[in-house]
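The structure follows.
Note that the chains take the letters A, B, C and D in the order they are written out, and that residue 1 is the start of every chain.
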Amino acid sequence: MLAYLTKSIVGAVVVLLMMSFIVFGLQSMIPADPARAVAGPNAPPETVEAMRKQLGLDDPAFVQYGRFLSRLAHGDLGTSVRTRQPVSDDIRQYLPATLELGLASIALGAALALVMAVLQFLVPGSGGIRLAMVGVGSTPIFLSALLLSYFFWFRLGWLPGSGRLGYRDFAGPTGLNLLDGILVGRPDVSLDALLHMILPALALALPIGIAVGRSLNGALHEVMSQPYVRTARGKGLSETKVLLRHGLRNAATAPLSMLGLQVRLLFGNLLIVERVFGWPGLGLYTVQAFASADLPAVLGVAIVFGILYILVNTLIEIGQSIADPRISL
Amino acid sequence: MTGRPGQDTPARPRFNWRDFFRRAGWLESIGIVGVPVVTVLAVLAPWITPFDPQLRVAGAYLPPSAGHWFGTDEIGRDLFSRIILGVRYTWLSGLAVIGFTLIVGSLVGLISGLMGGKVDLVVERIVDLFIVLPSTLIALAFVAAVGPGLVNTMIALAIFWWPWYARISHDEIRRLKARPHVEAARMAGVRGPRLLLRYLLPGVVPALLIGASLDLANVIMTLSLMSFLGLGLPAPAPELGAMTSRTLDSLTVHWWLPILPAAIIFFLCLLANLAGDGIRAALRGA
Amino acid sequence: MVKLSHRMSRSATEPVLAVKDLSVILSREGRPSRVIDNISFDMFPCEIVALVGESGSGKTSIGLALQGLLPREYLPRVAGSIRLAGTELVGAGGRTWRSARRHLVRAIPQDPMGALNPTMTIRHQMRESNGGSERSIKDWLARTGLADPDRIADALPHRLSGGQRQRVLIAMAMMARPKLLIADEPTTALDVTIQAQILDLLRDLTREQQTAILFVTHDLSVAASLADRVLVLYAGRIVEMGRIQDVARNAAHPYSAGLLAARFDLDSDRRRPLPTLPGERAPLINVASACSYAPRCPIAQPDCMAIRPPLEAASAHGGAVACLHQEQTPLLSTQRADAKPWPAVAVQETAALRLSNVRKTYPTGTRSFWGRRQSQPVLRSVNLTIKPGECVALVGESGAGKSTLLRIAAGLEAPESGTVTRFDKLGPQVVFQDPVATLTPWLTIGEQIGERLRGVSLDSEYGRRRVGEAIKLVGLDPVLMDALPAEISVGQCQRAVLARAVIVPPSLLLCDEPISAMDVSLAATTLNLLSDLRRQLDMAMLFVTHDLAAARIIADRIAVLKDGELVEVADPDAIIAAPQSAYTRSLIAAMPSLPAGGGR
Amino acid sequence: EGVLRIPYVADIGTFDPDNGFETGAISAIDNVYQGLVQYEPGSTKIVGSLATSWDISDDGLTYTFHLAEGVKFHDGAPFNAAAVIKSFERRRDHRMILSYFLANVKDMRAPDDSTVVLTLGHPQPSLLDALSSPWGPKIISPSALAEHDNGDFATTWLNEHAVGTGPFKLAEFKRGQRYVLERNDAYWGDKPFFRQIQISVVPDISQQILQLQAGAIDAVPINYPFAQLTSLPGTLEITTAPSMIPYDLFVKPNSPLDDLEVRKAVLTAINPALWLQDAFGEFASLSRSVYPNVMLDPVTPIRFPTDFEAAKATIAKHGAVHLVIGLHSAAPAYARIADLMIAQLALIGVKATAYVLPSGAAYALKGDPNPPDLLLTIAGPDAAHPENQAKVFFTKDAPLNFFGRVLPEADVIVNQAGQLTDIKERNALYERAGRMYFDAGIVIPLVNVNDVVVHAKGLKHLGLRPVNPPGNIDFATVRWGP
């Protein structure tokens, strides 16, 4: 385990280095001029020049990259060109929203997958149900997000359609409103945060749920015809017990990998869903950073997303090794 | 006892489309048939549009009618014609991405899997690395760097898609290499390309085919997502994702403008997904 | 059908199991087939009944039918009646079945490797078996002869050897104190030594628990060493039943007689081909109104093709038999006794293969941080020479390093030190354990056999002729040249593999347990074929097996491998008569054999 | 209930008036901070703000401002000449992004508490415009500056905090989520109607529309689709005002359009008169010159040729013409105009395509080996003086002279005009120079699109200013009307 952790940390560092290198390389190819983006469209060339010098953009790319790395070693992600404040501060402000939404949608997606796969296993689906599931899985995220918001918020008024919280002036210790509400003893805040989260989380969770659910269903079908399941049935266990104790755990590996793959796609979907639901998270920040050629911000976000993804992957691997003890870490 | 029953296994006929479709399921068979049909339509698209998709042929914002099945768009072009052309771009580029990454990825995987040893180790680490990178972000950075456009978007996607096929083909070839029948073929003196082509490749292809057919919808979805974010084709080219994103604000007034292209994306993904499911069921069953 | 009277002392007690007119239909890919065909039998407490038949005869299916566990994906249709301890189970609801499985019937599955949940500790799985109680787990594990029950209980299945798993499964089944235990070939995959241990255990358990055991096997000797009664199954029908001694001594059905004859042991005649069952059955007759054994039956008469023989009292013993001409059966054994002896082998005094001081270690255990592992010696300084035309059998327990030695001899693996010398430019050919797995599924048999004719196209007249000759040489129909491996049987696959090995006769043929997965008759057939081929083609042969009887029959010399070292190498009869090492002695002692005066 | 709820499409990068180029949020900043002078709502007329009056010396080098009395900053500090100078120096001397507004100010003095004297390096009649610009210098509380100056001239603190003199105080700055302005009850001028302005970030325009229709917000300040303006639900209405952000095409050197005949044909096809109505309904007008229509009313407006047959013939004669249109940004307005022009060009046989430039790439077209033939921009100057337009877009070294094309003889005229104070005379010169840029095929002005705010019925006095980026409602004047 220790060896595994060391290995994954070393691996993570390599991946992050490589990623920062790629992003840096790509950004230095961008024709856009961050100095210009900062100075505003109408600034005279002198101002832009001065700005460029101030941002260190005159140096060759590798010098800039070296500077970036040495600062990174001290945990400093640099100063955002757009917001004029440390990228780490920006990210600290935007990350909780994304984290909250991301975790909620992963959890919801996993729950959806579980329910769907088990139901479909117990009650073999007709063509109609299969079609519906494939259909939901085939809906482009921008459409499903918009339709969800249109029907459940605009038409029916059941759920809020935008933002994170209806309450003003609420600030909790973690920035995760759902959790903070409980921590500071304001269940009403938590409830409100939950209501705000349902639609965007659902939009994000649907593709996760469908993909993971399908993979889980396939794995279940395979596992449930294994000899050891027959052994379990031979003990006179009820079908539910067989499914829960013997089926699910053995079927977990492949769907967990699929979950990892879906988390990778989740980052892309966040960009859209945060936009549609006005969710003030990193996705929004990223889009704006791109729009203003805010290299430090883009790099910072890339690093954070990279760390998050590696973390998720590591957790998934650990989960797989818990589900299947033969996989040694 | 060996898994296979006794001496009287009835001879199973060789490959047979009816069996194939039966194993795939009727719903999935629609997808399997639909994919080549859509591909043909996509290729023929420029010749089958009822109107010139570039020209203003009627008033703007006409709702669907007998003359214009899908209505007209915000400057009076025939939406149906534009969507047909959009299918061409979206579908063919999806196929191209899949095809390209399939070839590159599986070549890398095959070669490294075959060579084994240090080369394999290094290549596998690189593949791992690519798999762990947050793809959308880097694709965005890539497109931001080289400028939006269909080809660029496709390249950005391909960069992140090939490792999957490298992974699949690598794992399959490693699995096959250790299988007794390959060992037996080696003992029988089969070497080099002959071993690869006759004994290994046919075993790898089904896994790749399953992977690719299930991925087509993913690629189409990601392509339309990128073009939704404004990273797709130059403007007059009717890219389905871009058509939707540009007209999303008219959802409540001119619903057909965003809904119909999105519905077509949905339909394409549905076909691809069904085909993928079907091919998986049919090949796994075999 | 005749009402069977059991002339046994138990007629007073109620049967635990009464099966009446049981039929099972399974479908594969929409094609239904009758797997169990109208069988009836009873079982009484304390009784061990052997269910004997060749592979595919439906033994496992009966066991599954009795537990209501026929695989759902095959859409099973069950007709007839199964009364278990007075409860009718056919057509019963899930609840009844579950309660029956919980309290009345348990099974030891055929394959111990897959039958334990890989993600659950043994303790956990055993706890499920007796309704959650913890107490008796250790006890039961200990009773199956496991030395360290606590460690085993907390282990996960993949850390256990096949024998250990098998014993865990036995403990798991027995601890529920079932009225009926179905033991489905619990010993096929095991060493003889462990096999003997397990048979003892089963015997003890019956006595203590009053459990009836349905013991499924394809090996009559194993059955004879354990069971009271035997049911002989052929193509889903019971063709003969009776007390085991009776059937073993005076088989009334030609099939039983054939099975008995095909059985080989340490006393079998090794100078001539083993008797085997006649060729495979052709599905050309309407089995519904015929004796299904008729196409293979040496004493079949025209009426056998027209009438389905009922199961009626046997004249030769107190049991029952389904044969229209049962009086002819005893003639069979006398007819068959004198096959032509093998011609003598011309062993030359040179060497076809010489292994000197061969050593090999394998990394084992988990990887360390740098990915290294500890290494464990598998072969330590092995010296072995095989002369041209000679056959050496390599025996040893599982994990002794037999396969490793063979792979080194084949050049598939390099030894760590020592030298391997092969006196042949062609290179040796290998026959692996699982014939189906060694054939590439998507290439035809002919293509694969022809692969060794380098540079000769299979489309050419010459190519086809050569392949055809090879196919005929191993006793296959040349029509099968264009068949895919999936389209032919295991036995045919094994022959195809042999054909590939001998189309260009190698001077050295290496066989890795080619018969360990086969039923008795098929094993005998394969041994005959190998003996024949090596003589015809003048090949030297290394024959790896864990079956001493098979080794004795095929080989000119036997080498015994133990923990990576050759502990003795000698003439087969010498080894059997006077084993030098303790290990060999234990192997011999554990060999099951028929009671005196067996079927010959 | 005294609260105005406004959505922004992007979050506010920085609230620092000196150190960022905000567009969507400029009215929020300008309602918290004030400058010396300002443009009157609805026009380009300069009126007083913190300066009640000013004198300009005859040589045009010395500007004397007389400051308003009794003004206090939000933190209670008194407003005076020293505060003005402190703020101006902060902007000019400490590498602030918007320092160029004061680049020509050589000296600042405060003869007394209510007078500020600025001395220029060279005469600059457009100085007052620079000071009135929405991005022009604002006065920040000197005590706040001193308190939060951590060696960075308070730039970090001022990113998210503000202490000005304006009618509103910045009460809450929650990045990306919400910003709240509270009415400054100690405000020295007219008391605003609204007690509180709640600003949310709703990036998606469809969401904004839905929210407006659902009554969750009070206005959609920008990007409401023009096609839907004629069919608004009864609860909504429109306020529209001229804006100073024209749609223009800039032409690459050595493009097919260098051929006068081809250019004429292309102009015939893309003539905005042909599509203005379709694209914008009644909310736009044809560009009359290369300057925004509000900035300068030309004596002889630019006209596009109209002979379609001739245009077709020209192209047929000339052979295949292929034009690539670069779009400055991914905003939907660009793509729509490009689509229209492409459809128009197809009518005369010119094949055109368009693509969105990577963000910021427009500024690098000079070095681009493969630039688009035409660059579509929707951009205006940051002040209302014609000099701003000419010197930002057309003259040599102008920051937005995208293709770097130079017309020295026109530049001379621009420089000449820059010295004039007589408006009519000045405008005539500018018009002439502008005409030359157009005739040389450097720029093709297309349309002037109005600032259109869709809001709940009854919202009045939005205070839209042509110089402001569209959608910037003046929170000081807006009110629910009868």
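Criterion: a contact is a pair of C-beta atoms (placed from the backbone, for glycine too) under 8 Å apart; a residue touches a chain by one contact, two chains touch by 3 or more.
Here's who's who by UniProt: A, B = ABC transporter permease; C = ABC transporter ATP-binding protein.
Just so we're clear, the structure is a prediction, and the values are computed from it rather than from any experiment.
Asker: Between chain B and chain C, which partner chains are common?
Answerer: Looking at chain C and chain B together, the chains touching each of them are A.
Asker: Count the C-beta pairs in contact for B-D and for A-B, then report the pair with the higher count.
Answerer: Counting C-beta pairs in contact, A-B comes out ahead.
Asker: Can you check how far apart chain B and chain D are, centre to centre, with Cα atoms defining each centre and the answer in Å?
Answerer: Using C-alpha averages as centres, the distance is 45 Å.
Asker: For chain A and chain B, let me know how many angstrom lie between their CA-based centres, rounded off.
Answerer: Those two chain centres are 24 Å apart.
Asker: Let me have the rounded angstrom distance from the C-alpha centre of chain A over to the C-alpha centre of chain C, please.
Answerer: Taking the average C-alpha coordinate of chain A and of chain C, the gap between them is 54 Å.
Asker: Chain A to chain D: how many Å between their CA centres?
Answerer: So the centre of chain A lies 37 Å away from the centre of chain D.
Asker: Going by the contact rule already set, what residues in chain C reach two or more other chains?
Answerer: none
Asker: What positions in chain B touch 2 or more of the other chains?
Answerer: 144-147, 248, 251-252
Asker: Which residue numbers or ranges of chain A touch two or more of the other chains?
Answerer: Residues 30-32, 146, 150, 287, 290, 293.
Asker: So with touch defined the way it is at the top, what topology do the chains form here? Options are line, ring, star, complete, other.
Answerer: Basically it's none of the tidy shapes, so other.
Asker: Would you please name all pairs of chains that touch?
Answerer: Touch list across chains, by label: A-B, A-C, A-D, B-C, B-D.
Asker: What part of chain C is in contact with chain B in the complex they form?
Answerer: Chain C reaches chain B through residues 29-31, 54-57, 110, 185, 188, 218, 280-281, 283, 410, 412, 427, 429-430, 432, 434, 436-443, 448, 451-452, 454, 483-484, 486-492, 497, 500, 517, 519.
Asker: Sort out for me which residues of chain B touch chain C in the complex.
Answerer: 1-12, 14, 19, 22, 179-190, 198-199, 202-203
Asker: Which chain B residues qualify as touching chain D in the complex?
Answerer: The contact residues of chain B facing chain D are 52, 54-56, 60-61, 74-77, 143-149, 230, 233-237, 242, 246, 248-254.
Asker: With touch defined as at the start, can you tell me which chain A residues reach chain B in the complex?
Answerer: Interface residues on the chain A side: 11, 14-15, 18-19, 22-23, 26-27, 29-32, 127, 130-131, 134-135, 137-143, 146, 150, 264-265, 267-269, 271-272, 286-287, 290, 293, 298, 301-302, 305-306, 309-310, 313.
Asker: Name, in rising order, each residue of chain D that touches chain A in their complex.
Answerer: That would be residues 10-11, 13-14, 16, 19-21, 95, 97-100, 103, 135, 155-156, 159-160, 172, 174-178, 180, 200-204, 206-207, 210-211, 213-214, 216, 357-361, 363-364, 368, 379, 381-382, 388, 392, 397, 399-400 of chain D.
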